[in-house]
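Below are two complexes that have chain A in common, paired first with chain B and then with chain C.
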Partner chain A sequence: MSGRKLVAIAFVLVAVCLFSGLASAQDKLVRIGAMYPMTGRSGLYGMDSVAAAEMAIDEINGKGGVAGYKLDIVFTDSKSKPAYAVRVAERYITEDKVHFLFGVVSSGVGLAVTEVSKQNKVIFIGTDHAATELTLDNYQPYYFRVSNNTFQSMTAGAMYLKELQKERPWKTITYIGPDYAYGHSQLEEIQYNLKRFGVEYQLISKYLPKLYEPDYTSYITSIIKDKPDVLVCGFWGGDTVAFIKQAKAYGLFEKMLYFHPDAGGNYELMSAMEGEMPAGLVLSARHHNNWPDTESNRKYVAEFKRRTGRYPTYAAEGAYAGIYAIAKAVEKVGNPDNSAALIKALEGLQIKLPEDPEGFTSFIDSQTHQIVQMQAIGISEPNDKFPPAKMMLGKWKIYKAEDLLPPKELLEKRMKK
Partner chain B sequence: MDLYFIVTQLISGFTMATLLFLIASGLTLIFGVGNIFNFAHGSFYMIGAYFGYQLVSVWKVNFWIALVAAGTGAGLVGAAAEFLFLRRIYGRAQEGGFQILLTYGLILIFDDLVKLIWGTEYKSISKPSGFTGALQLGDIFIPTYNFAIIVIGLVVVVAAWWILAKTRPGRIARASAVDREMLGSLGVNVPLVLTVVFGLATALGGMAGALAAPLRSVTPGAGIEVIIDSLIVVVLGGMSNFWGAWLGAVLLGEVNAFAVAYLPAWSTLFSYLVMVVTLIFRPEGLFAPTRLRKV
Partner chain C sequence: MASSSKYKFGLLWSVGFVAFALVPVLMTSRYQMNLASHILIWGLFAVAFNMLWGVTGMLSFGQALYFGIGAYSIGLFVNHAGKAWYLPAIPIGLVAAAMLSFLLGLLVIRVSGVYFTMLTLAFAQLAWQVTFKWYDFTGGDDGIQGIIAPGILANKMVYYYFVLVVVFISVWFLKRLAYSPFGLILRCVQQNPNRVRFIGRSVKMNQLRIYVISSVFAALAGSLMVGVDNSIHTDMLFWTTSGEVILMSVLGGINQFFGPFVGAVILILLEDIIGAKTEFWPIFLGTIVLIFVILFPKGVVGEIQHLRHRLKIAGESGGRHETHASA
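Then we have the complex of A and B:
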């Protein structure tokens, strides 16, 4: 390379550095370091979270930011690997000097990143991972979660099953879910809550195939042989799609009630199955595109669709909520640097979110740092307002947010650990 | 024990086994003939599934035509990948290490390409008309599409065996596994043989992907999910042994089907246990002819 070229390149580099320095000197920034999977099966949740976080940031910065600060977010692929995400989080803290760690889809990654947050005293806003451990057994003051955990959805699930016994007497349950923390804790929690509510039933079999198992045929024929009244399912994403496709061909849904209260009602299932989605499945998710039917939810869903060309999966709303939680806390404190004051501000913080029906506002429980939200369980029925989906949930049963929190004795027992 | 249930579970195992075999057959072919360990083989399965989606769900092409086209398409991508990349590392010292690194790189590239073209949403294909129903067996229905899969698998295993064992191109392919230099000095265009074999093998993977798509979720990363089980099948069957791969897949499918039914808590363990035992006591593969054993 000629000397002249080298000088030219050096000149450009210096100019780039200078201008980027100028830009950041003009704005005071709240720096957020986000980690989401960008590829593989969970890539959809990651991409949706990124889009929704950017949407919230544009809304907030468009109105002039908060307390004289603009929000600034950096995204890195977490690769869904705990060890890798830990390195990213550490780099965010030491090099980028972020004020907040943000994101992650997998609970395994969440459990690893919460340790980094604790050691470095940097607040970690968990947007979309549901393992209850993070706000109970592994609670640490710098962690906050802004979407419901599996305990909350399984409590709502147990309430639903209890009511159901009156209308359609059922006695036996089979469980199937992925073989890792998320799948195991849903089973424990549904059992714990059914017992707590005095429901008489029998768990006749349980199946825990590995995560991302492509072929459930043998499980399906075995479940049909077991003849349970209710099949409780704990899959998410592509696993749910594969399971429902395969089970439908065996007529499983005509033989038992399919009940999937944590992630079964995710929009990506409806959109992937299109016309093949069976009706009559009882499902829920942490956000629904068609519930609540409020101005705020309609606007959120429409704006997401406008920006991305697709309807959001539930994961998006977690990221959206996380950005608003940060903005509200910084607004209260006046700056993003005082972690102790930010923690105080986040504890008990109320945020009105698209998923909140009229008359309710989500809030962060100050004891566990877990957001407290309503849970709506619905039944799949024809509805083509959100294409390519041909079915959406309806006939909603709504469970009050306050009723879904863990009882005091469980809280004390598990938080002590 | 319920006889109906045993039969259904046998058929379940067979369905799973056939799809596994169709994926693994390509892997074993490339390994046996080309001596190439194609870690990216699952990616061709994924590409076949996406081609199938594009043809059937978007362009509304007949399913069976789409199946052949998706396989062919994946095969062409495979041949191009071999011609452009893999060919450059043949004959290097420690070629094996380079093969793993290169084909692993291909996995990442194909995953991202698929994401760029089709997005991250899960995609779906409907079953072909005439195969949406089920046969009743006692209390249990068995989808007719599952029978179609089993038959296609049998056709492929017989055809591949016949080509490899009885035809001249098959003999050339087998010869290239034994001694590429000798084959070259006999006037055979060895690089071309390898490209064609690679293309055929990836076409098999692609066809398996399109065939599985009506039953599974089509998503980026789908290739990774199938590669481990396919490797187990190759280990069980012995390299470059179509009947071995088929029997290995059936063994794995049935072990899994009955473990799920009778010992569900341990079901995942069994496939690996079968592999470990094979590797210790018959490392050349359960179904490899004895004369291939290395002394």
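Then we have the complex of A and C:
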């Protein structure tokens, strides 16, 4: 009995010791504390973000770092839990003395971490959470976001629908999206923008199933009965895959136009659906593996594939952009310690990213600290250059970055809060 | 004999207090103080919960409801009525928790065993769902951020000592309660409810009392948490929060008053150390918890007590020196 106990205790001790590797202490480091979900349904977003951030760091450090500093990043699983992420952020700031907080997939976690960043005056680079609140209602000077928010994608979406009305007259819309802030705000924002652009339409029904709902059958049959011209969808991740698989069996895509402008065009969907992916769906995402067809994007996608053995989802490019934004800001200021100067450097920062087409460079809006990028909306069509996907997006329509920003009166109203 | 154990206990009590009080003095970074605040608050929550489960035998799977009420009372008042409401919102939250637990208690104690557990879970999930969906009022799943304690409490170190004092007074009170005549009746409710009736006491009345008391302290823990994290969210009301205090109690030992507190220390430290080292934390955390539960079925504190007891017997019968027992 006691022998068995001893063995087990030894086992625990070994397990604990395994993790307590000594942190290497080098001088002249730009320390970045990243939080991503590595488990659960959003785990792939976290894994891809981590891989892309490491890739960017290797590229930069390979060239000798910036301003005499090497970049150094630590990762912790945020578990998608705000309270836990707050604790991790506190640890990063006070123990690891990070210069930047980084990451986060869930907007709920993002909102909690931005508060820690504000209290401690440590810059937080948001890479992949889309809630517009972070750069409007909850704006704080230490927060910057380096991927488009839902307002930008829904503005592009509304523009697309407006143009579509001329080619293929449509009148009615049904909306389906997850029942939490992300799903609700997309609906609000597409309605706001359609109204702003003077589009005449009717929202005939809306459905808000819970996040991670496994069975959409009842929603699908109701949508088919409603007979909308356009189905606007606001799912992300595994929910999109599950919905499309189930809706295909009911022939939903032959009965209406499927329109999914925020996260629908994620490569995750194309690779998960393989041969089952329907053609003719109108989708977009924050980054596409086959658009823009530039040297920079091809190189980024190929390098990611070489390192991980898979093609990147859009989350990866957000993290990649975040690292480059940090590097550029530190280069401008000359050190990572002066946060006031770093904020100045990040405001209005121009940064050439894989997702930028020829002739355009992404930049950070100095008023909201939101990155301003182009949005490309495409239609699914056969393309097997990115296996296991059998379909990719094509027939692109491109929306100018400047046109996607919130109008002045909305900015003033929401930033005043 | 009794006075010496009392003396020993007082010593233990002061050592614990001094250890926690020294954290801000000895810490190498402010994070350790943050971690210690989490341990204190979860410790209080777990001890309060165990008054229900370990002492009275009522396994509530819905104490997150009251933890959330304590936190949301502050969050909602500050958000809707202004910053000045931070401190008044704490007693308001406690009264709200007392009233709600009294009303719900009347319903849930009508059943026992697994039915009681399920009902408490159902009510807590109901409250979670309402909080999750009512965007205009509760902030929905985004939660509420930027809730700063007023005056000197905004200073993290002052707040830490505030938490320390409140938690120690509360735990001391609960400890007194657990070993009072009322506590004995509660144990009797668990072990032999019929006998409670025979001696002319009401089982339901005592169950209701402890349900309200435990819930009020859960709410107090929730309200203390606000000042540590400065933000609240619906997770606080979710069933996993209730599950966490159950796990803490199991780890530490449900039959020991301080078991859940020790369980909170272990779980929070493990979560923190492993979470920082690997993304495969669920495997390691799960394995370690499994080993704990298999090796220490009475919980860590329970097993230590058991070991001490055996050493004492061995020491007395074998004529060995008694100082070994102090381990």
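Keep in mind that, in the parts below, the second predicted complex is superposed on the first by the 390 of 417 C-alpha atoms of A that agree within 3 Å, B and C clash if a C-alpha of one lies under 4 Å from a C-alpha of the other, contacts with A are read in each partner's own complex, and residues count from 1 in each chain.
In this section, a residue touches a chain if its C-beta (ideal position, glycine included) is under 8 Å from a C-beta of that chain, and two chains touch if they have at least 3 such contacts.
The model shown is predicted, which means the values in this text are computed figures rather than measured ones.
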- Message: Quick one: is A:195 in contact with chain B, with chain C, with both, or with neither? Answer first, second, both or neither.
- Response: neither
- Message: With both complexes overlaid on chain A, does A:207 touch chain B (first), chain C (second), both or neither?
- Response: first
- Query: Is A:75 in contact with chain B, with chain C, with both, or with neither (first, second, both, neither)?
  - Reply: second
- Query: Counting only touches as set out at the top, which of chain B and chain C does A:111 meet: first, second, both, neither?
  - Reply: second
- Task: For A:39, decide between first (touching chain B), second (touching chain C), both and neither.
- Result: both
- Can A:131 be said to touch chain B (first), chain C (second), both, or neither? second
- A:413 contacts which: chain B (first), chain C (second), both, neither? neither
- Message: Looking at A:179 after the superposition, I want to know if it touches chain B, chain C, both of them or none. Which is it: first, second, both, neither?
- Response: both
- Message: Between chain B and chain C, whom does A:224 touch in the aligned arrangement: first, second, both, or neither?
- Response: first
- Item | Contact residues of chain A, present in both the chain B and the chain C interface | 39, 179
- Under the touch definition given earlier, write down the residues of chain B that touch chain A in their complex. 2, 5, 8-9, 12-13, 15-16, 19, 108, 111-112, 115, 119-124, 126-127, 132, 134, 139-143, 145-146, 212, 214-217, 219-222, 224-226, 256-257, 260-261, 264-265, 267-268
- Which positions of chain A touch chain C when the two form their complex? 5, 8-9, 11-12, 15-16, 19-21, 38-39, 75-77, 79, 81-84, 86-88, 90-91, 93-95, 107-108, 111-112, 114-116, 118-119, 131, 133, 138, 179-181, 184
- Message: Under the definition above, what is the set of chain C residues touching chain A in their complex?
- Response: 28-31, 34-35, 38, 132-133, 135, 140-143, 145-146, 229-231, 233, 235-236, 271-279, 281-282, 284, 287-288, 291, 294-295
- Task: Going by the contact rule at the top, pick out the chain A residues touching chain B in the complex.
- Result: 39-41, 43-44, 46-47, 179, 205-210, 212-215, 217-222, 224-225, 237-239, 241-242, 245-246, 249-251, 268, 271-276, 310
